[in-house]
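Take a look at the structures below.
After this come two complexes, each holding chain A, first together with chain B and then together with chain C.
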Partner chain A sequence: MRRRALPFLLFSMVFLLTGCWDKKEVEERSYVVAIGLDLPKGVDLEKEQAVDVTFQFSNPKLNVKGANPAEGAEMEDIITLTAPDFVTARNMANSFVTREVSFSHNKVLIISEELAKTEIFYRMLSTAFKDREMRREANIIVTEGKASEFISKNKPEMMVRPHRYYQFLIDRATETGMVPESTINRFFAITDGDADLFLAMYGSYDKNNKETGFQDEDQYIAGQVPKRGGNPIQLIGSAVFKEGKMIGTLTGEETRITRFLDNTAELRDLFSSFQDPLDKRYKIAVRLKQTKKLKVKIKKRNGPPKIEITYPLDVKVLSVPSMINYADNLENQEKLKTALKNKLKENAENLIEKTQKEFKGEPFYWSLNVRPLFDTVKEYEEWDWMNKNYPLADIHITMDVNIVGFGKQLKESNIEKVRD
Partner chain B sequence: MRKDEKDKVGFREVLAIMVFTLGLKGTDISTVLLLREGLNAAWMIIIGSFLFIIPSLLILSSVLKKHQTKNLLEITQLTMGKPFAFLIALSLLFFTLMNTATDSRSYMTQLISVNFPNTPLFILYLCFLALCMWVAKKGWEAIGSIAWAVFPYLMIALAMLYVLMFKEAVFYRIFPLFGNGKWEIVKASFNFSSLFAELLAMMYPFVKNHKTYTRSLYSSLLLTVSLMALMYLSYIWMFDYRSVGKITYPFNEAIRIVSLGRNITNIETFFITLWLVGVFVKFVVYIYFVSKIFGFLFHISEFEHTIIPISILILVIGMIPENNEISLFVIRTNTLAYFKYLFLFLPPMLWVATKIREVRAA
Partner chain C sequence: MRNSFFKKSKMFTLEMSKECLDDPILQKGEFFSGDISLDSTIIKQIYSYPTNIDFMIRELTIHAMEQKAVLFYIPSLADPKLIDEGIIKPLITTGNVIEDVRSAISASGVSEEREINNAIKELNTGDTLLLVEGQAQGYLIRTSKAAGRNVEKPQNETTLLGPKESFVEKADVNISLIRKKIHSEDFTVEKMVIGERSKNEVYIIYNRELAGVEVVSEVKARIGAITKDAVQNLSLLVQHIEDRKRGLLPTILQTERPDRAATFIEDGYVVIAMNNSPFALVTPATFWSFFHTGDDHYLRFVYGNFTRILRILAMFITLFTPSIYIAITNYHMEMLPTDLLLAIAGAREMVPFPAIIELLLLETAFELIREAGIRVPVPIGPTIGIVGALILGQAGVEANVFSPIVVIVVALSGLSSYAIGDVNLNYSIRIARFGFLVAAGLFGIFGMVSCFIVCLAYLTTLKSFGVPYLAPLTPKYKSSDDTIFRKILSNENLRPGFTKTKDITKDVIRNK
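This part shows the complex of A and B:
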């Protein structure tokens, strides 16, 4: 039996080892790491469906140790073409790209603001996910100008591999809270849920230096950060989407507050500065952290609902340029705490008011806290949190601020004595 | 039929087989049906349909105990006469054949649409069934050993998957707790009660003794139900109920989203490989049972010889539907709807018939 099986086995090896229909070597593929989408020029979108698609390919040669990256090849890694949609654009690209274009390692989807504000954007995106290579964990970045320029202007510092670059950029920016986490999966969950606003990362490149002058570290939106040198692209703030359509932007600060008020968001470390309550010229640098969950209590009643929010924050003081001792003076500490509380509360209240009046919806994913109030989906959807209730809701914030530490230097030097 | 001791399997083999054949339903296209009916309460339907099937299982167990070493169809023949048994066997054959064919086709389509876009369905299907057939020919004991051999690996992978999925989960998405409403859940649970019914009874003569049978039946069902409910919950937690309704293969999307930390992404191949092993075992068991029922129906004692023609028949039937959605929305919905009555009411009928016979004999 075994002797008869052997030739059969060897024979079948001929088929097995040559691979099957779907066998593709890495060499035969071009991996797209970023897809950019723009409104096409000279095409009437009312009559015809079209989009400008930009692909940035990763350079597989760079992953081979010791291999020289082809000189001057970087520019050719980015292509732009006009196609009916970005799924079919892959084959159009093959008219000049020699390898099979693959989306399976795509990290970001970069969309121009112009396109994000049209109704066609959601249609295009949601249906593209029928394609097997589209991945829901990719992130959405909305750019102020053209997405194609955003990609081509991008000169990653210290990094030659574009896929690493995007991953690090996104990871770090979300850790500091300047931009929201905006995976496509979240986009669909929120848009289909139809009860909250979705926030996408907001990016820009230095176009015409429209810096607004110096402000606090997080009060900018992309394109306004005062800086010299470095990569011309910036990622700060967020684009607000309502029902699949972009309706506005939030600054870096507002994005941070949003993420503190959202229990599904995770923040790692967040440096921020506040006015010193005892000497208004200086700013105290603090590190903010949320160790406890935000509590959202929603009371259903006739008319607009009443919402009680407990907003916990842990504060670590990092620098006190006014040289006032806060660490060992409990009275000062209390003053600092009250000042921080008031400031944080005011910021949050302003943001909430803005979302209620301007956006008529909330980006904090509070619909999750509304849901347990209902037994069935039907009741919940008829109650209509976003449209009928949130904009009118009566919201109260209770702060729960703890000053958890004063860094690794207890006291400030006595400035009078030093000067002496 | 051969009745040597070799053809019997023990607790762990039955456990593995049951978990594979039933549990994999949490990963295939039938999730679409359940999520459509139950929205975010689909996991309750799993538990509900399990509760619906429990009474018949208990009755069945007591009937089977009286007729040790006989299977469901033989008991039917003994208590209710040949014509009736023939009818039951014929409909059971029809059900299992249709089910195996549409199911295997749908698994193949799933594999093609997610992993092998260029491979022709026929070739993939042929390879798949050829392998299943080959294992099924080896006999029941071999099937049991294979199931048990791969069981730990699959469970470890599954546990890993759950942990990774929890990292992506937003637990509040489970609310509003009752989805479409309590009554709707009860109705849907009843409608899907044949989800857990297949093949259970047929297993009996292949298990060492009655105690092993009941023990393995209940423990495997409990394990499967909890695994499946958790799987459905994970889908809801990851995608939210409106968004998950749009996804054809939530399982495949889920294993694509999870990643091991920041650097090891795109790990779906690992899960898909192990999943495929489970799918193989599932269809080996299905094919084996179809041919067994066929053997009973046409009095073929060496029914294992019919495995080859039956596999070919499955291939032919499976190739008929134009696309997977037809087989899902038309064929599977209907077979599930009608055959649940068979599974729900046959055991009580058998029990009554057995009682009547006993009384008459006395």
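This part shows the complex of A and C:
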């Protein structure tokens, strides 16, 4: 018996000793749902590395019976401190947060525009890349103004839990296409690929009248949407990053087009309005959908390449305030289709021109279509898609627009009769 | 019993004085003498009559033969009505001259016996011994009728659409329950006697034309090798003949359904029955035979497979829910949805123990309730459920001893374990669960996976009567692939090859 027991004992001791004894129970951690990064005040970044880190914690107290969730929670939930980087800030935070700070449920990384435009930003973010707990599917939001204020001014009405707020806000905004999908993973994939522009969500908390007056529903950037009441936080448009540095912004409309022109992006629920071709006073509301993939044909030649793009879109007409019969009248339909085609083509061409001239790079991830043209990575890198070829490329767009429906009720009511 | 008695009495006599040499036992040891009074004295002594009240002697005179006769029987085993109507009445009332005693008795089974020893053996099983003056032999009449219950509904293996009868404690009834489903001359019942002292009878039932020779001889050899002087019933017999006596998993199936036993016999398995056991053993048993139930085939193809999916799911839920909970909350909290994580963290805020201790406590409590539920007298049975579930769960949570989510986890795994029908498999899975729990507590998912791999490796090394435990899944055998899922009946045309059956096809008879 003793002979048998000994190896068993040794065996189990090995197991006990190798066990993970540094484990922490769930309640022994504090979960960060949003990290904000700002440029610190009064620190010379040329001489010293520093960043203002804001943590927003999720409050599990909501679940404890008898505990009052509202009581004093807000102040404790958001903290800001100046640290060399946001990973080491975790331990610094423990000087007044009692539990281990965990990034494992972090949803967003909010970066002030000011910081995003500096060169140190990319270095700062590379810590996120290395940290084991940091989620790569966390989204990057660039905010006009300070990130700490973006977090603290955020007062979601219906949502109690901040992580839900961020989750839904991001999910919905990416579904409607007003903001791009901007995970940390994509940021690194695109930046390290060094051939495309990365788009991050653009947000703003500012309410003080930067409103530019009425425009079409998606031609705003964050902070300009005309609205009254509600949360001061807005998420529309995108911040453009080139080589890890922010260089400009795109409006909501431009972001939507970018996402249509990008085969790696998915859009679900996109409502848009266009001028009625038969009665210029009114606007036709449509729902746009891309069921086919965008085709990008790139021809290498001496000098700038020639690019042929087939841009497919399905259009569903949702409302026709001019009461013109499009559903039955094929002639009208044809006119509508041509008008839509022209408008969509014009928009896309304008955007492409803007990226070629202003940003000197494309945010559509077309380098994926360029790569197969080369046999070796070296050739491809030497050819230099972003800097040498794209800005000069000759781009042609062929539209492939289909009108797939006219809503639930096909016939327009007869306005003359109603007025009678 | 009898032998040792004789041995003792012989030893006794050696030391006795001369006066006792007249003792009839000493002189007439082995055979009936034909002298009733002498033989009765011997038998009376053997049964310590009249001290022993469970022994009856009826003396009578057969007028038709003008002879005295005497009847011996054990009233608690014999049927008094049959003795009255079938033996005493014809013998006393007949007017005709009796030449042959056998023809005068109207009971069904009569045999002659010259040796006292053998007669006693039969007497002990409830037969009646008739001695007639002047005949140096006894007549053994089958009158045995032990008390027992009738065929009732199965208690453990209930089905929705299957037959509603189950085995009882009488082997002959059990055999007839199986036999009535298989009308074949190949249906064979062999009897073996084990236990030097109590002479327990074991019946080995198989189909001569289907059962593999190896399995039958292996079963016989293992039963024959038992050296215990008493093996009361099958539950004890199992532990003498099973493969790994210390192993976690059962290797012999116990079923209380005659229809299942009959199905197994028709598939070439060997079934063992015994008196005093309301079930039968099926050998060899694979993992699948424990996992399956009667309903799998009685229900239609789709429904049957649906219940199988549910059961395999239940098995994994039982095995893994507590350990997954521990692994994820301790080591892999990034896997949880944030809301759930916060819910768990919030609920655990006031709980004094680490999650693993909390879970072990509640699991133990649940097992205790379960064990108590089996042992508790039936009238207060429901109380246990109420006390267990309500007081422990509700009050434990109210008092912040357990977090509600742990109650959910334990309840889920406990409830799912009830979906595993077989009692033995049920126990092994419930025990294995704790192994997974400890592994998860020490190493997280990594520990669970390692533990699972070890378990799978162990499963593949197991054998039941020479048949691999996971057959026919691995190793692959010719069979109808009735494992996790079943085929439609018309496609199940092969007997399982691992039983080494003599005829593997079910649709065409090949070996006749």
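Things to note:
Everything that follows uses one rule, which is that the second predicted complex is superposed on the first by the 389 of 420 C-alpha atoms of A that agree within 3 Å, B and C clash if a C-alpha of one lies under 4 Å from a C-alpha of the other, contacts with A are read in each partner's own complex, and residues count from 1 in each chain.
Quick note on the criterion: contacts are C-beta pairs under 8 Å (C-beta built on N, C-alpha and C of every residue); 3 or more make two chains touch, one makes a residue touch a chain.
What you are looking at is a predicted structure, and each value in this text was computed from that prediction instead of being measured.
Applying the stated contact rule after C-alpha superposition, one finds that A:T398 touches neither chain B nor chain C.
Judged by the touch definition given at the top, the superposed model places A:D375 against chain B, while chain C stays out of reach. By the touch criterion stated above, A:D194 is placed in contact with chain B alone, chain C being left untouched. In the superposition on chain A, contact of A:N329 is made with neither chain B nor chain C. Once the two complexes are overlaid on the shared chain, A:R135 sits against chain B and chain C alike. Judged by the touch definition given at the top, the superposed model places A:S104 against both chain B and chain C. After overlaying the two complexes on the shared chain, residue contacts for A:N387 are found with neither chain B nor chain C. Of the two partner chains placed around the shared chain by superposition, chain B and chain C are both touched by A:C20.
Contacts of A:V33 after superposition: chain C is touched, whereas chain B is not reached. Looking at chain A, you'll find residues 20, 104-105, 135, 167 touch chain B in one structure and chain C in the other.
Residues 39-40, 113-120, 123, 168, 170, 172-173, 175-182, 238-243, 245-246, 253, 256-257, 259, 262, 265-266 of chain B touch chain A in their complex.
Considering their complex, residues 20-22, 104-105, 126, 132, 135-137, 167, 171, 185, 188-190, 192-194, 263-264, 365, 368-369, 371-372, 374-380 of chain A touch chain B. Residues 15-16, 18-20, 23-27, 29, 31, 33, 58-64, 102, 104-105, 107, 133, 135, 161, 163-164, 167 of chain A are the ones touching chain C in the complex.
Per the touch definition, chain C reaches chain A in the complex via residues 329-331, 333-334, 338-339, 341-351, 354-355, 442-444.
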